[in-house]
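Scrolling down, you'll hit the structures one after another.
Shared between the two complexes below is chain A, which pairs with chain B and chain C, respectively.
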Partner chain A sequence: MLEAFVAGLLNVFTVPVLPLMLLGIAVGFAVGILPGIGSPVAMALMLPFVFGMKPTEAFAFLLGMYSVTSTTGDITSILFGVPGESISAATIVDGHPMAKHGEAGRALGAALMSSLVGAVVGAFTLAAAIPIVTPLVLSFASPEFFALALLGITFVAALSGGNRLKGLVAGGIGLVLAMVGLDPQEGIERYTFGQVALWEGLGLVPIVVGLFAIPEIIELWMKGTSIAETRIGKLGGVWQGIKDTFIHLGITFRCSMIGTFIGIIPGLGGSVAQWVSYAHAVQSSPDQSRFGQGDVRGVLGPGAANNSGAGGALIPTIAFGVPGNLVMAILLGAFIIHGVQPGPDMLTTNLPLTFSMVWVIVVANIVTVAICLLFLNHLAKITYLRAALLIPILITLVYLGGYVDANSFLAMGLALLFGLIGMLMVYLDWPRPPLVLGLVLGPLVERYVFISYRLYEFGFLLRPLVVLILLIAAAVLFLPSLQRTGAKWRRVWRAG
Partner chain B sequence: MLRRRLDLVLSVLLVLMMVWVVWEARDWPFRTRLFPWMLGIPVLALTLLQLGAAIRNVAGARRAELAAGAAAASAPARRAAPPPAAPIDDPDAAAVPATVDPRAARARGLAIVGWLLVFFAAIWLLGFRWGTPLTGLVFLRYYAGESWRASVIVVLSMYAFFLLLEAGLSVPLPAGVIPQALGIGQLDVGPLSALRQALLGR
Partner chain C sequence: MRKCLALGLMAALLLMACAAPSTGSGSAAAPAKPAAAGAAAAKPAQQTAADAERAVADFYRGKTVRVIVGFAPGGATDTAARLIQQVLGKHIPGNPTVIIENKPGGGSLLAANTVYNSEPKDGTAIGMFSSSLVLQQAIGAQGVQFDSAQYQWLASAYGTVAMCATRPDSGINTIQDIMGTGKEMTVSSFGKGTVSYDPPAVLNAALGTNFKIITGYPGGAAQRLAVKNGEVQGFCTTFETVSGIERPMVEGPNRVAKIIIWAGIEAPDDPLLQGVPSALDLARTDADRELIRAMSLPLAFNLPMAFPPGVPQDRVAAMLRALEQAHKDPDLAAAAQQANQDFSPLFSDQITQVVQQILSLSPESKAKLKDLLQ
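Presenting the complex of A and B:
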């Protein structure tokens, strides 16, 4: 085992594995930083190029590319309020306000370092989990996956800020929006207004880009200044951001574990992990008043989780051939191209290859963070550009992000529509993250409910693991209210 | 007050939307209807609760306004009235710096919404590669008053970005309604093909 671990590391530093990994990092850097071009699209585009490579080279190239996209995606989220990747959207909530307050350097430092910590935690969890993961994942069936998705929805309450009722309504509307499209059971149109383009449902990317980016563009022009409202000289906050990662190491580590665990569960992935970890960062912090206005802990949580998910998602892909997300499905295609069989072989004869994947994730993130830190001053200076120069570029990126999601003008229109809805939500103090969480989790809940019902009827609700997860969900939902009520009663009792 | 009224309007719209969501599912087969009702009915209940909260907010604000008006009428007019303060719930006050006139900021907000629509129309008519740089040039030079140099640099960067996307990464982007109607695909496909031929020989 140790031999394979070392052999995996040495593999990464051979030629042409290392140059190919660096090339993958360069592509991933660009893909991550540009909104609209997601890592699945990039993976699919690059897949034809790996035919002529050996397995180690191919996975170094593809994984090198994939594992840095979420890191660089955070940069765009923080600087422009436009998610570079769909899995970087949660970083906007606190990262972009920090940039607006002249703390872009601190936010970027925190995002980069927490991304590195997350990637390392995810990769080594993958290494450690390989021998023990089989019984864990096999013990989960669709009822447990349903309960986990429901647990995710309960985090809506934590994402609602001061207004829990509005948050719950927004989360519910997100779940309802997720129902648009063809019914997965009977193939009947639901809420499509007869539009064929809506059969696939509402795209997540146009909605997220619209909800978060367009209100920022409007606000930026209303102010008539640069993204950063105040200047802090020579971006002094970078090291503070790096230090923040270690000051709040508990949050960073726990969110890394959340990202890894959610990454393991097929069908969830980074889009869910970022919001759940953000909610955890909010919920576990004693002082929650600055969340949403530029709290560094709101950057650390999603930053760590969206990177640790890569290692987590590889676990079911390698161990069972069950891809955790779309990127892993494409990677599975690369396995097949190279005749590599996921399953027990990956833990025995191909163990060095498995460990080289672990090391690629670690090394690629170290290289990316080092490059980013070197050029961070130049990156952050973009936030000092005049609003007028940025507006056409940002509008273009928003529409591009909307369009490439489904290659349709309807998706672009959706980005615009949700941009205006987002503006209204900001104006009326409605929280936006719960809507996105509902939209992400809606299809999963529906799918697992039906599979579970078909297999076990309503008996699936009484399975021990389901009961346990649902109890945790109930605690997440009601514990804060009970704690507040308890504190109020204690005050009344003490006052006599 | 305006914000509270708008919140009330939004709450009413959400209730109506949820009624429609539940009503629309009534004729669907059981398995299609199950999830929309399982979710729709509790969310409808939540929107009704929100509507109640919004009505209470508007009524509370109205009572406060009436009370303030009555107090002002009964107080002696000994000193000059203080300058009118911005409404507590005016979001523009929070969104823009104090140095920016809220009325001007609101006008700029409306203008940029207009520009969002103009960009959308330009992309639809001319495609990304031509629509966004041309609209960007008009925006920068004639609306925002930027220099020719800055405007051209930004516009050329946008054009180069789309070239990179289409030629380098093979991302398919729409040609736009006008080039398609004229049967010429991308407007610049001819000169670009000639350039590619000259540089790369293919």
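Presenting the complex of A and C:
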């Protein structure tokens, strides 16, 4: 185990591997820094080049690219309020308000450093978890997936900001939107309006981009100023953000663990992990008033979870051939091209190769953070640019991002539609994150509740792991209000 | 500040240049060689052939041919397309750049519809999608906006058969265990109209088997994970899947499943199928046999490439020749061997023949299949 861990690390520094990884990082950086255009596009573009490479080289190249884009995705989320990736949308909620307050540097520093901590913690958690990964993954069947998805939905409350009722309704709307497409059981068309392009449901990228980016762009346009409304000197700087990571090390660390484990479970993945860890950051903080207005803890949570999840997501991909996201699906393509067989062997005889992949993620993160730190303070200055200069570029990129996601003009229309909905929600003060969470988890809940019922009828609710997860869900849902009630009674008791 | 802006603009321009060929990227084609002008070609027939070749080469030179694949990048389907793409360009007259463009949706129905109706009909857009869409058209399924009889079929990637496998620890060891015994076997499926659903549904109707099909799994890998973790008792898919990437599931020390039936016209030559009964042999009536045959016919020409109607005949002929040569290319053979892919293509007329067989199924079979598969 330890030998494989070290061998994997050494492998990363061999000659064709390291330069190719750096090349991957450079490509990933160029594409990832552009808002709305994510790693799946970059990787699909680069896939033809991996034909000529050896397996370790190909994985170093692709994973280097992937690791960077999850970090650079955070950068555009913070600077422009435009998610660079669908997995970095949660960073917007607090990261972008920080940029508006002139704290872009601090938010970027926090996002980068938590990404780094996340990647390292993720790698070590993974190394420690390897012996139990196979039984762990195999012990999760459809009923457990259902329970986990339900647990995810209970975090809606934490994502609702001040108004729980609006949050619940927004989450419900998200669940309804998730129903668009062919139903997973009978293949019946639901709200597709005769469009085959809608059969697979609404794309996450155009919705997230529309919901978050377009209202920001319009607001920027209306104000006609720069993104940052106020200037703060040293305090808003990068170093402060780095220090914040270690001041709130508990949150960073726990969210890294959340990211890794959600990554390991096939079918959940980064889109869920970022929101759950954001919600965890909110719930575990004694003072929640500043969340949504620019609290650095709201940046640290998703920042860490994104990058730790990258390592975790490798596991179901390589050990079971079940890709957790599009990037992992593309990685599987590289597996096939090189005749590497995903399967249990990847956790035993091929363990050095597996670990070299994990190490690529860690090393690529370190390189990325180091490069970013060099010019992060300059990058933050973009927030002082006049709106008129930024808006045309942002709008072009947002629509391009919508288009390349599925090579379809329909996606651009969706981005526009959800831009309007996003503006309406901002205007009426409705929280947007619960809607996204509902949209992400809706298909999982539906899928697995039907499979579970068909296989076990209601007996699936009595499986030990399901009971345990549902108890946790109940605790998440009711504990805060119980604590409040308890505190109230204690006060009454003392007073009485 | 100006620098930042300039940087941003440059980045945007760079991206647009990259994004133009969307999610594909071309393999660098060798510089075009002018077609050898046969100075000594005295016979008029030869001259016309050479002229035609030159016209095609002139057309394709410097152009980009897009293979529009109906599935997302990554995975077995897209990879098969990309292996062919790697060698195809050098065999087309004029050596155009060949790129893959992924257009996933509706189990590749979106790509089949788009190529037929709205892609250019000059020979620069090739569709590559699931062959089962032909059967979908035949039974009048929803959403089909093309006529398979009008598609100009070029070459398929491989032919295979359907098969079902069981976990022996579930108490089911042979197909007879679930035929008229009242015993039921749960199989995981990723939806109607796919190889995970159609075979067991048709076998239930034709052989009286008792497969309980659990739909809703998000894809092939998830379908098989449900077998590995014991959630379901078995699964059905193509033999190509099990003989290739999932071989350890049915062979060797870690095997969890056993093949109990195959359905198709001709059994692939593989020890895994030795002693496994064929569905056609077990069927009792001609009507039952026709159902099984209809379900397995599309598997004979998996992942076909096709030009939409309207592409000029000389370009169709040239592309067909290019694909024939590509499939003989040792580079493709080497890459396919490394990737564990077994190409066994059918070409133009052979495909058209199977397509005709599917489209001319008896109205009873079509009605029955529509009932079963929709």
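Throughout what follows, the second predicted complex is superposed on the first by the 484 of 496 C-alpha atoms of A that agree within 3 Å, B and C clash if a C-alpha of one lies under 4 Å from a C-alpha of the other, contacts with A are read in each partner's own complex, and residues count from 1 in each chain.
Keep in mind that, in the parts below, a residue touches a chain if its C-beta (ideal position, glycine included) is under 8 Å from a C-beta of that chain, and two chains touch if they have at least 3 such contacts.
Nothing here was measured: the structure is a model prediction, and the numbers come from that model.
Of the two partner chains placed by superposition, chain B and chain C are both touched by A:I393.
Once the two complexes are overlaid on the shared chain, A:V426 sits against chain B while remaining clear of chain C. When both complexes are overlaid on chain A, the residue A:F450 reaches chain B and chain C alike. When both complexes are overlaid on chain A, the residue A:I214 reaches chain B alone and has no touch with chain C.
Touch criterion met: A:Q341 reaches chain C, while chain B stays clear of it. In the superposition on chain A, contact of A:Q185 is made with both chain B and chain C. The partner of chain A that touches more of its residues, comparing chain B with chain C, is C.
By the touch criterion stated above, A:H378 is placed in contact with chain C alone, chain B being left untouched. Residues 37, 41, 45, 185-186, 389, 393, 396, 400, 404, 407, 450 of chain A are contacted both by chain B in one complex and by chain C in the other. On the chain B side of its complex with chain A, the touching residues are 3, 6-7, 10, 14, 18, 21, 24-25, 28-29, 31-32, 35-36, 38-40, 42-43, 46-47, 49-50, 53, 91-92, 95-97, 100, 105-106, 108-109, 111-113, 115-117, 119-120, 123-124, 128, 132, 135-136, 139-140, 144-146, 150, 154-155, 157-158, 165, 169-174.
Looking at the complex, you find that chain A touches chain C at residues 30-31, 33-34, 37, 40-41, 43-49, 51, 137-142, 182, 184-187, 189, 196-197, 199-200, 266-267, 320-323, 326, 328-334, 336-339, 341-344, 378-379, 381-382, 384-385, 389-390, 393, 396-397, 400, 404, 406-408, 447-448, 450-451, 454-455. Only residues 37, 41, 45, 165-166, 168-169, 172-173, 175-176, 179, 183, 185-186, 188, 190-191, 214, 217-219, 221-225, 229, 386, 388-389, 391-393, 395-396, 399-400, 403-404, 407, 409, 412-413, 416, 419-420, 424, 426-430, 442, 446, 449-450 of chain A touch chain B when the two sit together in their complex.
On the side of chain C, the complex with chain A involves touching residues 1, 4-5, 8-9, 11-12, 14-16, 18-19, 22-27, 72-76, 78-79, 82-83, 85-86, 100-106, 109-110, 113, 142-143, 145, 186, 191-193, 212, 214-219, 221-222, 224-226, 228-232, 245-246, 248, 254, 335, 338-341, 374.
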